[in-house]
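Notes to accompany the following structure.
Letters A, B, C, D, E and F mark the chains in the order given here, with residues in each chain numbered from 1 onward.
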């Protein structure tokens, strides 16, 4: 009887996990649509191919080794996890029914799928930043290493119980562990691959390169927003009692509030700065709000969550402009949305979570950034020297779609200039 | 015979067509073009970077007309398309050596 | 033990609520795609921006004051709620475990998010009706008042336990409280803002202005349909026992049946009237079916639900034509889909719900319509006189995208005529 | 107390079923976007209309008679089910609480909606294969018969407990019962309707007819992938205890792994064969992976699931080319994705499910194929002789959109050649 | 030299191109245009409101040819594009004063 | 007066426009065209079937110029558009009988 109850509770938590995983998997479509909408039509097929394949590569590599590397049975040290392959067996009924401290309360398989889509999300951040000028297969090879080792390494440090966790670094759903981490890798890639032809004039002026399909980009934002309920909501890891259910609900409310605040703030700031309401900035604002709250979507009151989102929305607009000024060409604003806003988010934890310390957050952020940036830089550098990262000038002018995929995204209407 | 090429504002196309029909000129071909001229496209800002939508969307219509119809067709187009604002466009008249109607192989004025 | 069971039950109902909220939030994307597909390309960015921002504004205002205004702790009277700000604490374990009459059985936070997305949906209805000719910020200012007070007021009358509820007015998930209410506000807006330039000829003939991207519009319909399972399904408010679970399942079946019936009926009627199968009418038919069943998706047999949807689908086609004849320019058919079909739906309740009375339904409909129309009209009128609602003729001819947002939706292919 | 527990468990299973149904319903949008993206713009409105209406027709016919025909109360024989109309009452509390063998553990209504969307999926497979050249209403009339009788018949043989089930034929979620079945019907339709004008040159060379909107097609793939978690995950039919929860989680992991493997394999093979990475083949690869694992997503280890998907991805590429060579014009590759990969999937069951026998799988596949192909062929043949299946040459050259629906998908930019 | 402008049905483009290649004329420029003429676009209904897709989508091809090639190129286009139905289109011949091949600065017939 | 039709590579459009402005020629009309010529589009494979993107996307610019401006405008366009690679395009010069500025009804050179 009691056993049946814990079984039912196990079932509910597992189901909650699986639904969250579905929502996070859906974010892959969001990134794909967002990026496909913000590039020029001549590079659309290629970015779609990248987004589709990176998701598959991430899930595959994470299954083969990444998951175990991030959550090792017997880590070598608090800094270094351990390698092993594929997944183990799931929890037995007895283990669950036995109950007591640390008894399993949801399926290990559901945990894997939820974690796997996080790895894919991290990689999706990179694809947007290097859009329109990086070759497909070199990118995918990077994705292999990234999702098998680079991301799982720092993931282990925090969520795998490594040194950052022991140090008290607080990151609920991954403002830094996922988002800023992805942005750091993106930054390394952007530096190594360089800006798109024509993005910066001789006299160093910044040139606008409008995206070809803004409805698509807007759809991408809505998909990401929807998926984020799974991203943050699922990160509570349990829903099966009153306190946990309240917690998950609070996470939903705060996540939504921060996104709303970020969008409104970015739209208003854009209106003030540019005299018009920039839809792409509005989109970035909502995403920045989501990233900002991801580090601590539970503890804040909805009012505070709204505030955290608003600041995130303001920051992202300024960050996009600043990063452009630094001649770092980021077509979709990935570095600003996931990086800058992620850093804001990690420190905003201090407002509401008393377990967080300034030093802890600082060290966690710096360490994660350093690892992700350096490791990505090295791997990409090797790829650059071996297969090369960038297509030829002519290929880039003609567009990567025909070059890489031999087809056009809109063969009947696009005019490729 | 002559070929009239007129560059006009897109929203004037229907009016011009109706005006021409009244003149009894039914055939014409319309082409979407981008115009550059005195009328500048506005400066816009995209993600913080300035850019000029430097062209203005226009419609170019081509009408082949007989010599005696030329005069009134040109005036008709000009008057219908005129708003008095910069960007009203231009009309070009080119000599036309020959016209063939594909369907019937008629040539010359009958083919118009 | 017993306590654990009620905790688990609380968790399930809360989770069910949250999943429903996610689906309803997703409807915001549906409205955005539907409207973006049915306008001309030169007004696409602007309608997208409106849809994105109105969702954020609605969630924010509803959080700050709307929710409390609609569900006041101490209402002033059955007609007038009361003002208070932000959300209170969630339910305690003790209160839940204590059990007994009226013991809380799901998280208050989950209730809020579910209610908030309803407020956003109401506002989305307006944006479609005034598409292509209303300025962005005046619209958003209206959205602020609408979601903070106008909608919550009549929401209080019925769902907040106000006079319409006491009067026995029956509206399960909001055919009138949400949909017709939104349509009434839309009607006020359409009258004040007037038709698009060129929509009606001198000789009063109605001119067609085809939407620029029908795949996008179709996607919008599917998204809305999907979201409606949350909209109606979640409105049962409980799933945690056999009767409730059966009820939610019945709501799913009936909602789907009504949508299917509405779509088929509208497609056939269109085929008969126009000689061709009008996709946009087919889309409207499905949505009309959904709106029609929303007032009572539980009591009808699936057969009756199918019938209610079919009638809704027929009505919407005729309504779209009639409203056009009245020179009320509604580019997406929002007034017909949400208003006309909503009224049909509220009276269709009489077929299956014995608690409903004709007078009750009539009074509820008239009162809601009157309030929504008048209040919206007044607010919009003030905005019109102060900031103005409509762009200049030249701006409208050129398109709102460049005017309001400084960018084009499809810069590489659209030809703006 | 015990009763409450079984009630709660009933509620959870029902809710799990409903969420799965929502995901599968969402697949209708996936098929619509996929097909709308892979046809030429001049046939886009028509394919969207087909996809929208076929979903409604399927749900309606399945409600009226299809469901009862597939799950008859008193079948005539193991080969022949029985006809009855509409749905019966749902389970009573007593029946549930009574417990014991075969006590109902989830709502019958939730079962219906889950089954209904399967019927729609089967029909969606056909619409893609005959895209761009089959008249709308004849297609819909076929959809009526298909979802009312043709599909339910073979569905009864297996899932309704008919002879194939008794024979030990194993098909977890429908690699054959749904997917290959749909492909068989599609094949019959493709043969009867013939190839698109210009698809095959005089000298028999195969001409490419690129799809008009690849981002749309990619979105379709992501939607289908997402929906498949409901398609396979829901087919476990229960989640409410540890073993079942683990099973559902395993299904999620395997489904995702197979899709990922299929996509990567197809992309690589395409790269090798064509020298470029064909996005449409990459999409087909993911879908083929999903179809392949659908016959047995539970028993395999994730590693085996990955392998099954990989083979599915390789097969689909070769199949698409082969079927084109046979002059069977299948614009979206439906026959290869659902048919060829489905057959692979059904035999792949032998790797992991000891209950499956080669003969059992063979007979089940052959019988299902034979029935679906012949029955569909006959019905379509009658329609062809009476109303005709194909538009005139001029209509086809001009495009079905204007002919059938009187409107264009992208009136402002498409250039129809 | 002459510039031939031919307005044809979109689905005839490939045939015309092939036919011209056989004549040894490789170069041409194709432009998407909307044609108005005897052939009326059909009346359609959108959401209950009538509208006429009053134009017909056509392709305009421009081919520059030497004087002696003119004759056979025109006939070739006309014959290939002809279906005998209204809407077959028209061919216009304009005088061409000069041709320059940008790549090599060749002019005149060599530049064709 | 003359009408210059130049077929150039899309990414050269801005350069050409800037170059012309420096010459003092502000007005021009740009048209998206598909070019067929020596420069063949590549063979591609779509779902296993070969197809040739047989055209190359080009931009055709039309500039009306006075007789004395003709020379330098043509050279200016040719030099700016030249890359030396196949596909650089062609420039056609046609006689122009008349030009009218719609807005003012000015005609002839003043209208340019």
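Following the convention adopted for this analysis, a contact is a pair of C-beta atoms (placed from the backbone, for glycine too) under 8 Å apart; a residue touches a chain by one contact, two chains touch by 3 or more.
None of the values given here were measured: they were computed from a predicted structure.
Undergrad: Looking at the contacts, which chains touch chain A and chain F alike?
TA: Both chain A and chain F are touched by B, D, going by the contact rule given at the top.
Undergrad: Could you tell me which pair, D-F or B-C, is linked by more C-beta pairs in contact?
TA: D-F
Undergrad: Could you give the separation in Å between the centres of chain C and chain D, each centre being the mean of its C-alpha atoms?
TA: About 32 Å separates the centre of chain C from that of chain D.
Undergrad: CA centre of chain C versus CA centre of chain E: separation in Å?
TA: 51
Undergrad: By residue number and range, which residues of chain A touch two or more other chains?
TA: Only 1, 5, 8, 12, 19, 210, 213, 219, 274-276, 278, 280, 406-408, 410, 413, 415-417 qualify.
Undergrad: Give the residues of chain B that touch two or more other chains, as numbers and ranges in rising order.
TA: 31-32, 44-46, 94-95
Undergrad: So which chains actually touch one another? I want all the pairs, not just one.
TA: A-B, A-C, A-D, A-F, B-C, B-E, B-F, C-D, C-E, D-E, D-F, E-F
Undergrad: Where on chain B is chain F touching in the complex?
TA: Checking each residue of chain B against chain F gives 2, 5-8, 31-38, 54-55, 58, 60, 74, 77-78, 81-95.
Undergrad: Considering only the defined contacts, which chain E positions touch chain C in the complex?
TA: Residues 44-51.
Undergrad: So in the complex, which bits of chain A are touching chain D?
TA: The contact residues of chain A facing chain D are 1, 4-5, 7-8, 10-12, 14-15, 17-19, 21-22, 25-26, 28-29, 32-33, 36-37, 44-45, 48-49, 51-53, 55-57, 59-60, 63, 86-87, 90-93, 96-97, 106-110, 112-113, 116, 136-137, 213, 216, 219, 404-413.
Undergrad: Quick check on the complex: what are the chain C residues that touch chain B?
TA: Listed in rising order, the residues of chain C that touch chain B are 397, 402, 406-408, 415-417.
Undergrad: Which residues of chain D touch chain A once you look at their complex with the stated criterion?
TA: 1-2, 5, 8-9, 12, 16, 19, 23, 40-41, 210-215, 218-219, 221-223, 225-226, 229, 233, 239-246, 248-250, 252-253, 256-257, 259-261, 263-264, 267, 271, 274-280, 282-283, 286, 301-303, 306, 410, 413-417
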